[in-house]
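Presented below are the structures under discussion, each in the form of structure tokens.
Okay, so chain A shows up in both of these, paired with chain B first and chain C after.
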Partner chain A sequence: MHPVLKTVLQRLGLGLLTLFVVSVVIFASLELLPGGFAEAILGQGATPETVAAFNREIGLDRPAFVRYLEWIGGVLMGDFGYSYAGLGGSIKRSVSELIAPRLYNTFFLAAMTAIVAVPLSLLLGVLAALYRNSWYDRIVNSVTLTTIATPEFFIAYLLMFFFAIKNKWFYTLSTVSGSTDLWEHMYRAALPAITLTLVIVAHMMRMTRAALINLLASPYMEMAQLKGVPRREAIIKHALPNAWAPIATVIAFNLAYLVVGVVVVEVVYVYPGIGQLMVDAVSSRDMPVVQACALIFAATYILLNLSADIVSIITNPRLLHPK
Partner chain B sequence: MNETQNKLNAALRQAVRGKLSRREFTQLALASGVTLAAANTMFASAARAEPKKGGVLKIGVGHGATTDSMDPGLYPDQFTGTALWGTLANSLTEIDADGNVIGDVAESFEPADGAKKWVFKVRKGITFHNGKPVTAEDVVASLAHHQAENSKSAAKSLLKEITSLKADGPDTVVFELTGGNADFPYTVSDYHMPIMPKKDDGSVDWESGIRTGAYSLDKFTPGVQASFNKNPNYHKEGKGWFDRVEFLSIKDVAARTNALLSGEIQYMDRCDLKTLDQLKQSPDHTVSEITGYGHYIYVMNVTAKPFDNPDVRNAIKYSMNRDDVLEKVFLGHGTVGNDNPIAPTVKFAVDPQPRHSYNPDKARELLKKAGLETLSFDLSVADAAFAGAVDSAILWKEHAKACGIEINVIREPDDGYWDNVWLKKPFVASYWSGRPTVDWMMTTAYAADAAWNDTFWKNPKFNELLIAARSETDEAKRAAMYAEMQQILHDDGGLINMLFNSYVEAHAKTLGHGKIAANWQLDGMRIAERWWYTA
Partner chain C sequence: MSSEKKRVKGETLLEIRGLKIEGNSDGVWHPIVKGVDVSLKRGEVLGLIGESGAGKSTIGLAAMGFARPGCRITDGTIMFDGIDLRKASEEERRELWGSRIAYVAQSAAAAFNPAHKLIEQTVETAVRHGIMDRAKAEADSVDLYRRLQLPNPEKIGNRFPHQVSGGQLQRAMTAMAMSCRPDLIIFDEPTTALDVTTQVEVLAAMRDIVEQFNTAAIYITHDLAVVAQMADRIMVLRRGLEVEQAPTREMLKEPKEDYTKTLWAVRKLAKQESISEDIALRIHGVDASYSGVVKVLDNVTVQLPRGRTVAVVGESGSGKSTLARAITGLLPPSKGEIYFNGKPLPKALKDRDKDTLRRIQMIYQSADTSLNPRQTIRDLIGRPIEFYYGVGSAERDRRVAELLDAIELNESYIDRLPGELSGGQKQRISIARALAAKPDIIICDEVTSALDQIVQEEILTLLMKLQKDTNVSYLFITHDIATVRAISDEIVVMHQGKVVQQGPKTQVLNPPHPAYTELLLSSVPEMDPDWLTNLLAKRSKAKA
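Up next is the complex of A and B:
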């Protein structure tokens, strides 16, 4: 079997196992948390009587393992179940219906950020390696390190202040809905995307620079230099192909962050993404929604790490053609 | 305000509505000693404040969760309350800006049999958003929704006193109560009890969002937004001026403020007190501050040691410098409490004497009387109780030191606070949004058998008076009973009412309004029908 195919199949199999473990862990942690859905929704108004009525109605009065088995049985059939909220009424909210628009928004923002941030940080990184220790290198390093070291909500407030309040170029609120058209959506999501770009560029750019500089010290690069290959050509033609593996890993890591870790930016810009949904679901102990979000997040990590590994194999002939 | 001014204002209102010409008004004003320039200014500013139809109002609210439901029994807070009740729906009665109860879906209501029986007449010609007329059957089904055996409604305990709920003809609803309750019309004004259409199977249709309010539901995305369009057939004259109203859930206070400043919303609740001075400098916005019924409290379990001794309780009450807390933690936005949960604006409220202000000598004296030299106890707090609960407790700890009282402040997690700390630990931080009547507030939290009696206080005299006052129809006797009850609670209860909080909200200057109600935030949660654009 081809090594790439073998890795993919192996990883996907392990991935399924990981997802199963994740679902058990999440379910168990939700059970461990004090209070339940009824108490969380009723708050100060939770009398034992109403809590019991509530639990009976949504089936929370049954033992935990029964509820888990029922839920995982549904998932295996492709049914993620219904949110506990509104379960008593005649209009039920299915988890997939609840998550789909939010997930689309999250992916939209992540894709928009990635399209700008990934090429930008590669370019900055390559240039920084090329002009190492120059003024350019120092400025790029200090600027990106400053933006990554600043909390993202603070960057968000600064951008909002300068570009939405002082100069009304952008909106302060990124509220979008299903009826928002593509341009409007991009315009509304612009400030969050810029904020996230500022947060993730440093990591990818530094990694690119470090990987390249590491290779520049290797004997074959010295040889290229002695042969008289121009520095720029040496870096792009000889060093970069060997640096793809670590760079891809860092990119995968940052893309995963864009999907799973941006709840603060969502809250500040009031962007209806999946992070806010999961936080709400956890605080109200809405198990089916938490589980679905957790599985999506885990799957994102698994798939992105898998693609990073595939990139490393493809760019490395020794791994691509093993003896 | 003197008589001339009163008359002049009345004339001004007429003039603006076109019932009196501008010339006539000016003549009147000059006659009462106002200069011509001042009369012109008065007229112009009054004309500006007059309601105009139209416009889109966008409101940013600091609440809202993806678990919010259309079921009114489960409305948790200001987002569902203001959007899905105050904008979309009406209850049987309404509390006006002065705190009086007036008819809403009910045109009139009459007590009988010593207030043990109440007869409500449904307003003539009132219709749901789908055009169907509201009948007594709909009213019965809407309230029965909360009463059912397996109901999970927050209003269930409120309606416990109803023994029979019946429609008598197409427009009459008859309630029979376990005991007399002169304040019953207040109870049915609650935001959990909107009137909804009855389904064929006898249950009520809460899912569709068809109600009777000034606006009909366009779209509701839980935790994100709710939007409404004007209801052209609204039953109230001169209410519901906007074409469209949108509510956005913006939980981050800085984001909410920015949205207001950049003009994306025209109204925000819960302003950030720390940056309020900066917000006040904005030329296009106005900050409103209303002292409501809501109060921030610390409650002790009077059955637990050492709080089972009234002298110890009173020593603790004297050990807090409430003015200092109000000044430092709440930056002056509120009114200090006096261990009486009834807000000064509520009918029959009194200010029990002696006031529980900071008095270390008195506190030491009371401790000595209880046979104690010093006192030490745990106080469980979290900001889930109210924003500032932790800071206030830490400040109080410092005040109490001078009284020989050592408070051990324990910071509890926000998550699960109401399940694991409140009603469980002996001394905790809590809050009440307040209730519009003395009876309602006392029945909810201080009656011996109340589910939420968080001080576990059972005073026989107090409970006797509570029941007697409920059916007393002589106002003067009732007032005396309520005064005595408030005094007993103040002297003996386990409640430390630190302060009545203010609703600090901000809005664009283009919005106009009448007197702002104090019973809930956002003008009694009915801002959408009460406010208008002036330009």
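Up next is the complex of A and C:
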């Protein structure tokens, strides 16, 4: 078997193991949360008797490990269980059914942002490395540092103020539903996407710049120069192919953030993503939904990091073409 | 074979007048090259020789009109074939670089881009300067690979730099430099990083191709014997100034300046060998490996007598440094025994008691990386004294002062940091640190390899003096035969993890030799300008 394939399979296996450990951690930490679904739903009327009766009804009276096994067994077969909300009534809502449209929205926004932000930050980073210590470099650095240092809700409100209220180019609210068509969806998600782009460009751009500058002093870059290769071409042809590994790691990290860390932006623009769903589920102690969200987040992290690993392997001839 | 270069030297190609270059350190500009003239005719090879800091690489690069970042050319003219390189624009210089003036760097492993195949990098210049189209350039590269005697010339271009050996890489870089048939090639210490046995082939290949295409070259090195094989004329440099200049044979026969004469000196240093039966360390049938698959040490048996020096010599990959790791316990042997003062030595470091640890000390090749840059000399040398002898600070300082005296450094150095010292002084500090434990054995791993010849001689002399005073044994690992000649009583020759030969110095260095020892010894360049030619003739005759 090719060593690269072997490494990828190994990492994948390790990822699955991590996911399993994460599932235990998620389940255990949710068990530790004070209060339960019953208390949350019954509110002031929660007497010990009603709480006990409620718990019995949704199966919370059974020991934790039984419930864990039941849950993880279901997950392995693609069944995330049913939301507690509505369990007692006539409309049972499956977790998958609840999550699917939200997850789609989140991925939609993440993809939209990534398509703009990743090439943009690579371009800005390469240019910053090329014109190091120039005015351009300083301006790009300070602007991106400012956007990353500003709280994202503040950027969100600023953009909303200027582009949705002062100039009515966009909607203030980004409500979408299953019936929204693609272009309309993109239009409505534009402001959140711009906000997120401003938040993540700094990291990726700075890493691109740093990784390239790190290589500029290497003997093969001097060699390229002494072979008559112009600076711009040397950076793209000779430095960039050796810089992918650290850049890919930072990109993966930021893409993961786009999926798991955007709740604030979602709330500001009232965009129906998975972050809001999870926050709501936590406050109502709707554990099956919380667990499913957390597991999806963990899987996203693991998969993106795995892709970064794969990128660093296939861009490294030492690993791709062993002796 | 043409021992004498019969080429007709043409008109002047390169004319450097009054070259001054400054370097920047910590914001202050200080002179590196202080007014040097170089002139070179078409097809002529000029050797630039000198110690580190002589400015030879800087001059070599300046011949291309290039100064490294942190350096600037402040004065003088650099005329290349009627073009003033100092006045030429960036664009104009770039047109020349690679196509008419090419550069061969010291470490081919670092100067080749790890991300691209050799052929990509070989044809790059010719294609981008529009000298050849891609297909023609590739065919030409294969031809160059063949002329440089690279194995499998049709296929080797498809390999990545990490897939070929150091010697092959250096030849591939020469092919890359030749790709546009330049008028001038700058060879910047091209064989310094290679083993002697590899060096012979690379030198021969480079000399041949330069002759074939009648290319002018500047050959930069610190090794007189090497430059003697390559250059028509030698220029000796010191501290940014020319010491003297003469045709190669003349220079070798009768150097005029005292400084040039001292460059020969280290080769004359030779310890009187003395044999002892009092064995301090006996390594018996030791195997060791890193991965468990490939044996890096294969049934190695070596004896180290008390108060004597055993030199372990071999190429890179021969297992000599691994032997040091096995003795120190960093890499426990998978088979065999090590006896120390007659008793078996626990294999792993963690099983050894403090007294055993104290008795075996180590000195490393690079004092730069083996001395903590944040610790003062007091801490560096004082730490083993405190650790092994548990003495108070007054007694420690007294001992540190004693040791500084022993390594011939002033007591005032005690509060300095390693960064304030020269390379030779730093290596002295490493020696003092090893001595501080009062060891029975010191393992010296290439301790003089990174130093200039004159400093090497000082360090070797110091080591011999300290041995006389303290009766310490040295296991002296090196790849340099001149160093072996200088310091050893006995020699161990290693090759591919096996001991080829062990014996008293005179016995090992004089025939009859086992085949590998013969190859190794015959590959060491000699000060005779005909040495390489004669050696190649002898080897090809032996093959036939």
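Couple of notes before you dig in:
The working rule: the second predicted complex is superposed on the first by the 322 of 323 C-alpha atoms of A that agree within 3 Å, B and C clash if a C-alpha of one lies under 4 Å from a C-alpha of the other, contacts with A are read in each partner's own complex, and residues count from 1 in each chain.
One rule holds for everything that comes next: a contact is a pair of C-beta atoms (placed from the backbone, for glycine too) under 8 Å apart; a residue touches a chain by one contact, two chains touch by 3 or more.
All figures in this text were calculated on a predicted structure; none of them were measured in a lab.
When the two complexes are overlaid on their common chain A, residue A:Lys227 makes contact with chain C while staying clear of chain B.
When the two structures are aligned on the shared chain, A:His238 is found in touch with chain C, with no touch to chain B.
Using the contact criterion defined above for the overlaid structures, shared-chain residue A:Asp309 touches neither chain B nor chain C, since it reaches no partner.
Set against each other, chain B and chain C touch different numbers of residues in chain A, with B touching more.
Contacts of A:Gly35 after superposition on the shared chain: chain B is touched, whereas chain C is not. Of the two partner chains placed by the overlay, only chain C lies in contact with A:Pro317; chain B stays clear of it.
Annotation: chain A has no residue touching chain B in one complex and chain C in the other.
The part of chain A that touches chain C in the complex is made up of residues 217-220, 222-230, 238, 241-242, 315-318, 321, 323. Residue ranges on chain C touching chain A, taken from their complex, read 64, 66, 68-69, 94-99, 102-103, 105, 107, 110-116, 124-125, 128-129, 160, 162-163, 176.
Looking at the complex, you find that chain A touches chain B at residues 33-35, 38-47, 49-50, 53-54, 56-57, 83-86, 88-91, 98, 157, 160-161, 164-165, 168, 171-173, 175, 177, 267-270, 272, 276-277, 280-281, 283-284, 286, 289.
By the touch criterion given at the top, residues 65-71, 74, 76, 149-154, 156-157, 206-207, 219, 221-225, 248-252, 254-255, 258-259, 261-265, 415-416, 418-420, 422, 430, 451-452 of chain B touch chain A in their complex.
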